[in-house]
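Both complexes shown next keep chain A, but they swap its partner, so chain B is in the first and chain C is in the second.
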Partner chain A sequence: MSEDAAVDRKSIMTPFNICAGIIVIAGLIVTFIRFTQGLGAATNLSEYNPWGIWIGFDLLVGVALAAGGYVTSAAVYLFGMKRFHSAVRPAILTGFLGYLFVVVALHYDLGRPWRLPYPFIFGYGTTSMLFEVGLCVALYLTVLFLEFSTAPMEWLGYKRTRNLVHRLTLVLTIFGVVLSTLHQSSLGALFLIAPSKLHPLWYSPYLPTYFFVSSIIAGLSMVIFEGTLAHRAFHHKMDEAHKAEHNPLTLGFGKAASLVLAGYFSIKVIGIAAGNHWHLLATGYGFWFLVELMGFIALPCLLYAMGVREQNLKLIRFTAAWTVLGIIINRLNVSIIAFNWQLPSSERYFPHWMEFTISIFIVTLIVLAYRFIVTRMPILYEHPEYKDSH
Partner chain B sequence: MSISRRKFLGWLGAAGAGTTIGSKANAASNKVFKGYPDSMGVLHDATLCVGCRECEAACNKVNELSAPDKPFTDLTVLDVKRRTKNEAFTVVNRYDGIPESKGPVFRKTQCNHCLEPACASACFVRAFKKTESGAVVWDESVCVGCRYCMIACPFDIPTYEYDNPLTPKVLKCTMCAPRIEKGLLPGCVESCPKEALTYGKREDLIKIARDRISKYPDRYVDHIYGEHEMGGTSWLYLSSVPFEKIALREDLGITPAPSLTSGALGVVPMVVGLWPVLLTGVYAMSKRKEKIATEERETAVAEAIDKTTAEGEVKLSNAMAKAEKDKEKAIEKAVKTALEEAEKQAEEEAAAKTEAEAAKADQVEPDKSAGKDQAEKIDEAQTEEADEAPKTKDAKTNDEEES
Partner chain C sequence: MNNIIYTLHDFLLHTESIVFIIMGISLLSMVGFWLFLTARDEDKNIQ
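Here is the complex of A and B:
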């Protein structure tokens, strides 16, 4: 008995679990502080800087990086890339968890989080981009929940409901793409109302288009990136189809990402031309803009193309991680780094350590939820009773 | 898929309609909103302001805000630049060292009560309202506390109770809307000893401001700040120095805030309407491509089968013909051999007979066993040939299965 207990203890006390445990405890403590003492105690937000990393990272980056769900399901179900079918479930799962925890994180930032449904009950502030974001995120979270729900239903054996939901796949996929197009772009459009606050190199009437196009890049890169991580941690959970389809998927999505990055690069340059902001490139912010444009758009575009041509999976995987970093930098540039650029440095924002804690806490919760689900439900493999029914 | 396309598009249409109810996309229209008729405003003449902070004190009093650390009579607070705070809906700042002015210039800050407010446009619960009296007011009962109004405000006016964990308010000047309803002046206007603040109909205020500029062209910059900025504001400013020197941004433009997002909002129903068409089209195309590919594959398979079958039949018939021929040959041969042997035997018998006749006359009987052997041999040859035929048939079946 005691030996068994010792073994159990050893299997639970892995370095990963210990780190996760510490983060979760820290997160819970900060959560307590946030909801008892207010945003003032837990954040460095101010009158000039009402949005910090809980919006810039948790919301903007979170939603962009959760784009893998709609990108993959559209590729497989609408564009007919059935050979990547095994990638849909993991992508839907990470998309669902991403959006779910975006909404969870939003509760930290909102002054009165329990009023989150108010815009759809009392206000109906249809002139607000945020209304559009809220409505689409709420609907899309529902769509993702339904798309994902087949996995737990297979796990729990609700065969009839599962088959009913399964028949909705096509409708849900199309609805998901429509909603994603809308809210991914609307997140960029949030900043259209503040031309006097966002640096002109980042402010553009094309902001919604930039956000939408870059969300496709984020989705493609995240599927490759997550796939790489999943292969390291959950290889034993994958069926033959999943393993066999992974490398072609990496090549296929890498090729697509390279193409979309090329388009994104073009429209970013067109944005500079349209605003005639060339002279600003010679400033400090211009340098930072060029780092983003050349280092995180042009470079990964090239690296992806090289990786695909040389069938270099390692290079593609590295590029995927690099591109994800670029998306994070872009969202932070728009919401924080180039926002309020005219204010003196004393009025600028830098996150409080508790803000970092909550952001890391949320990411950890996503990873833990992902692990809980893939070790139990048919995500990386097909359920034997539902084979060929996709 | 058991859902009809019609049904599906209907659902999407319904969802799309939900997002568009009540929204207007007038970015490209020629409509211009010049404020509610007869709405009120305040004209702040910075050339008359002496920085006495009486307005701040009055504002604090009428809005029942908490008392500041330093009393309002302490003018040293003007040494640093201040902004609106939760405890101060208005502040006066002093601007020193402006070449266009002999002494310091004072300017009062508070909500400008835009004609088309950015905060109201940005609010997703419509907590902000531009009243017909001109004031922009905030409704606590619906506010979610997202602070998008603060992002949107080009003048950085709204403040937020960051230290209130459960019921934080957004705070800003209300143009003393409750007092105006009672027929009173806004607190700050009433308290100003130098008449640097004038309350009245916005249209009249613009006339007054124009009069002052034309009467004293040396004293004023020829511009009424707020007449057109961000589509126009209810608070208007006159100054002796360029407005950017007294922290009123001159790069805001004259586009009202709602126009900045109306274009993007206008795209929403288009996406809802057209994306499903495009995506269903893409789906149909990929489906059709797949169907054609399947059909082509099936045709190819059928052709291959036909070809193999035909070949097999030819082979079979050839084999059969050959077998038939071989059989005939074997029979012929066997018959021939048998005949020859029989002849031979007959000859031998005849010879023997002759011999026997010659020797023992009628004692020996003719040998029949040799003839029997010949008959058996013929039978065997026939059976072997018959065996070959089924074998050919088997080969044909195998071909079919493989293909």
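Here is the complex of A and C:
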């Protein structure tokens, strides 16, 4: 074996690559089982629990955490915060990959995934909330693809097409905000149909508002969190503008997240008052609700505020990760933990190990795709031929 | 026995009253929170 080949092999066999490789192999095996033997062989889903973690985590959490795309592009292109421009491409990429793999994950959960385009072709179900979510996600994925497509076009040298798509930036941003407003809230509205199944502390007529407002928080926090990880892993890929804008962006988005969290806390408390559910706070579910309300809404609100006041970037970055965890807990509470709460424990849903495997597999694919793109395309730096073209 | 809710009207009167009080407190608190959040921005601008 030549010395170069030995060095190449060594550089490929990193701990991350080995772990990712094992997860991908396990994921492919479970994928084969799922699509050859059906949902029954790979999941613990039932008539009582038709939606498991492939919807609760892969879809609801995936869509919420992909909100960084519309939040950042709206901040920069609609609210004129050009000083955060370097964050747009990484945020759009995260959003695009998030939505793309939401659709991939959805194929696992659907009994007959090849029928996914049916509602758009046959036009049935236009009064259904799920139809609205499906249409919005399909359209927004297209918008994100177009917004992201300028990066691979710059990489591949398609200058004319790139300039044509670049001219559509403002229109695409407006589309993105409108479509996100619609489907982020509609994902919450899906649960309005199940007032007897969802615990009263989580069920509220304001669920669409909760989902939309918390998606803004998720987007802001995810941009800080993802930026922190990118700075550690791909610092050498960043240009000076990206490095210089990172700290002001962390402070600015931290301040915005703090303010939105304060509003979100208020409307959550109003939700309890409107339903007159104060007495339920003294129960087991009430304790868990208070953990979410105080630990993952009020606490990060204060931590963000303290971080912004003290200009403590470490505190803001920690709070961003904490808030992302809070959003994950919230979506799992609504879709799984507080759902079917009245059923006996024997009938309650707990995911099959294959469901966990697929969810980890999907997250790993997102990370691998992100790494593949960021190491090749102008995401964390401006392409020399297109500098100052924004 | 004044606390018993008999009708939908009773229920809405009770809950909406509390909601409006909380909304008032929240709006006033948001002003205070905004001042707390941005209190040191002016110091930074002066420097």
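We adopt the following convention: the second predicted complex is superposed on the first by the 388 of 390 C-alpha atoms of A that agree within 3 Å, B and C clash if a C-alpha of one lies under 4 Å from a C-alpha of the other, contacts with A are read in each partner's own complex, and residues count from 1 in each chain.
Heads up, the rule we're going with is that a contact is a pair of C-beta atoms (placed from the backbone, for glycine too) under 8 Å apart; a residue touches a chain by one contact, two chains touch by 3 or more.
Everything quoted here is computed from the prediction, not taken from an experiment.
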First (chain B), second (chain C), both or neither touched by A:Val269: second
Partner chain(s) touched by A:Lys255 [first = chain B, second = chain C, both, neither]: second
First (chain B), second (chain C), both or neither touched by A:Val63: neither
Partner chain in contact with A:Ala87 - chain B first, chain C second, else both or neither: neither
First, second, both or neither for A:Val143, with chain B first and chain C second: neither
If touched residues of chain A are counted for chain B and for chain C, the larger one: B
Chain B and chain C footprints on chain A, overlapping residues: none
Touching residues on chain A, where the partner in the complex is chain C: 255, 258-259, 262-263, 266, 269-270, 273-276, 305, 308-309
Chain B-touching residues of chain A, taken from the complex the two chains share: 34-41, 43, 45-48, 50-51, 74, 77-80, 82, 109-113, 115-116, 118-119, 122-132, 134-136, 139, 167-171, 174-175, 177-178, 181-182, 185-186, 189-197, 205, 208
Complex interface listing, chain C residues touching chain A: 11, 14-16, 18-19, 22-23, 26, 29-30, 33-34, 36-40
Residues of chain B touching chain A in the complex: 1-3, 8, 11-12, 15, 18-24, 83-85, 118, 120-127, 142-148, 150-152, 154, 156, 158-168, 249, 251-253, 257-258, 260-265, 267-268, 271-272, 275-276, 279-280, 282-283, 286-287, 289-290
